[in-house]
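In the two assemblies presented below, chain A is common to both, partnered first by chain B and then by chain C.
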Partner chain A sequence: MTFLELTEGPLWYAASAIFVVGVLWRLAGIVRLGGPRDLSVPRASATAGAIKGIFLHMVPHGGFFSRTKFHFFAGYLFHLGLFVLVLFAAPHVLFIEERLLGFGWPALPRWGFILVAEATFAGLILLWLRRLTDPVMRQLSDGDDLAGTVLTFVALLTGCLALQESHDSLRALHMLSVEVLMVYFPFSRLMHAFTFAFSRAYTGASYGRRGVVP
Partner chain B sequence: MTAETPAATAIDRFVTQIGAQVAAYLDACVHCGQCAEACHFYEVSGDPRHTPAYKLVPLARAYRRHKAPFARLKRTLGLAPAELEEADLREWQDLIYDTCTMCGRCTMVCPMGIDIASLVGLQRRGFAAAGIGPEDLFEVAENSRIKGSPLGATPKVLAERIEWLSDEHEVEIPLDKAQADVLLTVSSIETMKYPQSIVAMARLLNHAGENWTLSSKGYEATNFGVLSGKSDVAKLMLTKIVEAAESVGAKLVVIPECGHAYGALRWTGATMMGRPLPFQVMHITEYLAKLKREGRLKLKPMAKSVTYHDPCQISRRGGATEEARFLLSDFAQDFREMAPTGNANWCCGGGGGVAAIASATELRRKVFEIKMQQVADTGAESMVSACANCRQTLDDGKAHYEWDREIDSLVEIIADHLVEA
Partner chain C sequence: MTFVHSIVRALRLAALLLAISFAAMTTLTGGPGLGAPALAQTGVETPMEEPSPGSGKVPGRSIGNASDAEIWRAVRHGLQGNVSLPDKQAGLLVQSEGEEWRSIRNGPVTKFGGWLLLGMVGVAALYFALRGRIPIKDGRSGIRVPRFTQTQRVVHWFTASLYVLLGLSGLIMLYGKHVLIPLFGPEVFGAIASAAMQGHNLFGPLFAFAIVALFFVFLEHNRFRWADVKWWLSLGGFVGGHPKCGFYNGGEKVWYWMAVALGLTIAVSGLLLDFPFILAAPQKLQIAHLVHNIAGVAIIAGGVGHIYLGTVGMDGALEAMTRGDVDANWAKEHHDLWYQETIAAQQTARQTVAQGAAAEVTT
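After this line comes the complex of A and B, so read on.
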């Protein structure tokens, strides 16, 4: 078995299993903790508040934009870029079609990939620099923040190197880096990719009852 | 876990209180630090320690070590955070108490929508159980337990005050009626510092023709149990009001101008009591707005230029943001909104019990500089609010800086402009 076959075969299946089971386990582990039922008489709908909360916190509100525009631009640049790369990079679409779903969708052209990849890198690097230099972020950050950033950066970098499809080993390296990221994911703060919705919805529901979604 | 040390007690309280909502919050925080941009204490100090998310570190550590999914696995592998020690709690004391008013402004800016204020409240309950916190705040809470009121307004003191106010202002203030539709509660800050506020509420209730009363069984709305983290005191204070309301058959309990008292009874009271409350709860501004909507509140117009300071627990965390504005509309001829306003308004700096913590005074007064600037930008002569705790904080700032603007109570100015039939 070649290195590529190893990363596309057993390691891929193992990483996928850990990722899926780990994420579900962690989400179930949060939800199963439950909590007391809110017995106050609601002023408005908790459900509507939860939905509003999920969408409201996607955009700056309350007049804070001038203070948080760095996070807004760098954050969206990185997150949207990553989303597009994961789902629309041509090799990914092919991989999804052949290995996962049996069908695909139109992929990014090569120039589109390069543009989005550059934007994604720019966003990630800006956020990383901010974490390293801003006193507030330095005060908050820990090893998990660093590990998540480094693993994502490496996965992005190896992905770009593998685009050329010139060497099997580059493709294998990308597979391996993504697999490490997937294994690390459920145990780390990268879980915010899922928990964000729970957090926003809980606040939206609790305060939605009060007639306000902060 | 046996809770033998203060740290173990705190950890135990943290862990038992962590449900799905708290876990989701702690697992969603990405340490972006944007919450600092919303915090008045960080705004005036520039100290990264004052970042709201940083205030959650003790709770987050206990969660990751003891309750989070994979906590056992991480402990086994030596990857869980270190156990909290008493020194950690003492290091965080000023962050949990002195520099957080639980105003909730940070939630607005948080991309995850984390309700940091409620998590600080949860931590206070752990700290208080461990006996770690500001002694002056704890003493005020203990006063509530022993005397029935944080500032020593015992039932006897209340009765004397009521009699005096009733005579002095020639207003009927019923105390301990056997049956009433409305139970009015008071804040001890009003009883001891702003008694004219009680007179104003009495005049308004009488004007509306309500069958109302105060009750010596449950009159104190201010709940320093909630603010200090002493859960038993919190429940005791709530129970007194609930039982008083039930004993007179009240359909409505009116909360005076006190922010957290409103949140305590209106939004957490039933859950804390473990049963739905058999009466409606309204903040006085909500009640007056209702009277106005029903055409039961006739006011003379007020010419003075005014702006409104939103008490955090009434507006941003209470949902009654528009009630005060509805009351001021038409009536205040020159009303000017400050910026930011409404749900995004800056806190007075003294909420969440901070006004009772002596070691917090210097920073709290610096926070008042934000408010002075906000009011100066409107050019208004007077700042009105609807929270006695905000009012005493603002009055303290005014005296300290010898500020030239007036600070008023919304209820009092409304009572002063009543058109008596």
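After this line comes the complex of A and C, so read on.
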């Protein structure tokens, strides 16, 4: 078995299984925790509050923008970029079509792919630099943040290095780094990709119940 | 142009076109008699005299024994023919400057660049071996003096991280065949070189943004002053003790202007290489490539000194760019004029506050 076959076969299935089971396990754990029982009569809909909580907080509120504009800008640059890359880069659409779903969708043109990759890299580096140079962020950060960022960066980097699409070894390296990221994901703060919705909905619901716009 | 000249020119072009169509035909049809051994290889004695290479005669009797050496010499030196294709450059069989470009890149650029880089690393290593890490002589005072803002630090490290990625991938492209092929063999190097080129192309344009930001963010304090001349005359304190120095010393200012000038040169030439249709002509692209190579090697060489002093070379320097502040004793020893200014400013600020308070008490 070649290195590429290994990363596209057994390792891919193992990583996918750990990723899916791990994420579901963690989410189920959070849901099972539930919330404290609230016997008061609700003033307004908790569900509406939850939905507002998720969507209203996608942009900074009140006087916060001036303080968070760097984070806001770099954050969206990276996250939107990553989302578009993973789902709309031509080699990824091909992979999804051939290996996962059996159907695909229109992919980005090559120049769009490259442009989005540049934005994603810039965003990730800027976000990490903010973490390093801000005294408060520095205190709040630990090894998990470092590991999550490094693994994401390496997955992006190996993807970028494989752009010529003509060397099996580079392709396998990209696969491997993606698989390591997938295995680490459920056990780390990278879970925020899913849990952000839970925490914002929870806060939104408890405010919404009291009739306050979260 | 005389009439005779025009005729000669027309004939030459006709011959060139003939040659091009002949070349096309041979590739399409597999070529005439390629399977058969050449006459020279059959060992048949040719009664004909060996023609001199310049005479236009070639060995062989029935299979055409005339080759216009003049035409081929002209083609070799970049004679441009006419083609009916939209891309007129297709009329050029041999882009002759390409050979010059190749030999400059693989010759002096590679060689002197290599010596320059090794020399810089050698000097830094030698200095470290002889003098060791420059300490803070009076030890740490524990008092911190703010030096760089968060914006400055983010811009600096953004530039530096791209510099490392681009520098490494650039060096792999330039020196890989000398260093990596002997180590890993051509197969592995093929993959590494492909990776380096893709990475270099992707990160390049980001560096262009970074270097412009670096220029603006560090411009303040980097204008040359009289003190810098004195700093250089004392070779940065090598002769006659530590010279007086403001926010930056003469060496740092030279690095700033060198990094900005080389960085912009690299960015412009690099982008021209990334978008070759702007220059469109191979000759211009080759010049851009040489400019990029030379400036690239130069900024790496300069960076060796900068990075050395910023990390292992000097105690107390790195924290200026990571935490944003430095120890008061470091500031006093390396940037005395700046230290006096900041302390003086702090004292006046304190005095103003105190005076204000006193005024309030008396009224």
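Basically, the second predicted complex is superposed on the first by the 213 of 214 C-alpha atoms of A that agree within 3 Å, B and C clash if a C-alpha of one lies under 4 Å from a C-alpha of the other, contacts with A are read in each partner's own complex, and residues count from 1 in each chain.
Throughout what follows, a contact is a pair of C-beta atoms (placed from the backbone, for glycine too) under 8 Å apart; a residue touches a chain by one contact, two chains touch by 3 or more.
Since the structure is predicted, the reported quantities are computational estimates derived from the model, not experimental observations.
Steric overlap between chain B and chain C is absent once the structures are superposed on chain A; the two fit side by side.
Once the two complexes are overlaid on the shared chain, A:His61 sits against chain B while remaining clear of chain C.
Shared-chain residue A:Gly102: touches no atom of chain B or chain C. Once chain A of one complex is fitted onto chain A of the other, the partner contacts of A:Phe121 are limited to chain C, with no touch recorded for chain B.
An angle of 120 degrees, to the nearest 10, separates chain B from chain C at the C-alpha centre of chain A in the overlay. In the superposition on chain A, contact of A:Asp134 is made with both chain B and chain C. Counting the residues of chain A touched by each of chain B and chain C gives the higher count for B.
The superposed arrangement places chain B and chain C with a least CA-CA distance of 12 Å. Shared contact residues of chain A, touching chain B in one structure and chain C in the other: 134-135. Every residue of chain B that touches chain A in the complex is listed here, in rising order: 18-25, 27-34, 36-38, 42, 48-49, 51, 53-54, 67-70, 74, 104, 107-115, 118, 266-271, 273-277, 280, 315-321, 339-340, 343-344. Taken together, the chain C residues at the contact with chain A in this complex read 150, 153-154, 157-158, 161-162, 188, 190-191, 194-199, 201-203, 205-206, 209, 322-324.
Looking at the complex, you find that chain A touches chain C at residues 70, 114, 117-118, 121-122, 125-126, 129-130, 132-135, 157, 160-164, 166-167, 169-170. Residues of chain A touching chain B in their complex: 25-26, 28-41, 43-44, 53, 56-57, 60-64, 67-68, 71, 75, 131, 134-142, 145, 186-187, 189, 191-192, 195-196, 198-200, 202-204, 206-207, 209-212, 214.
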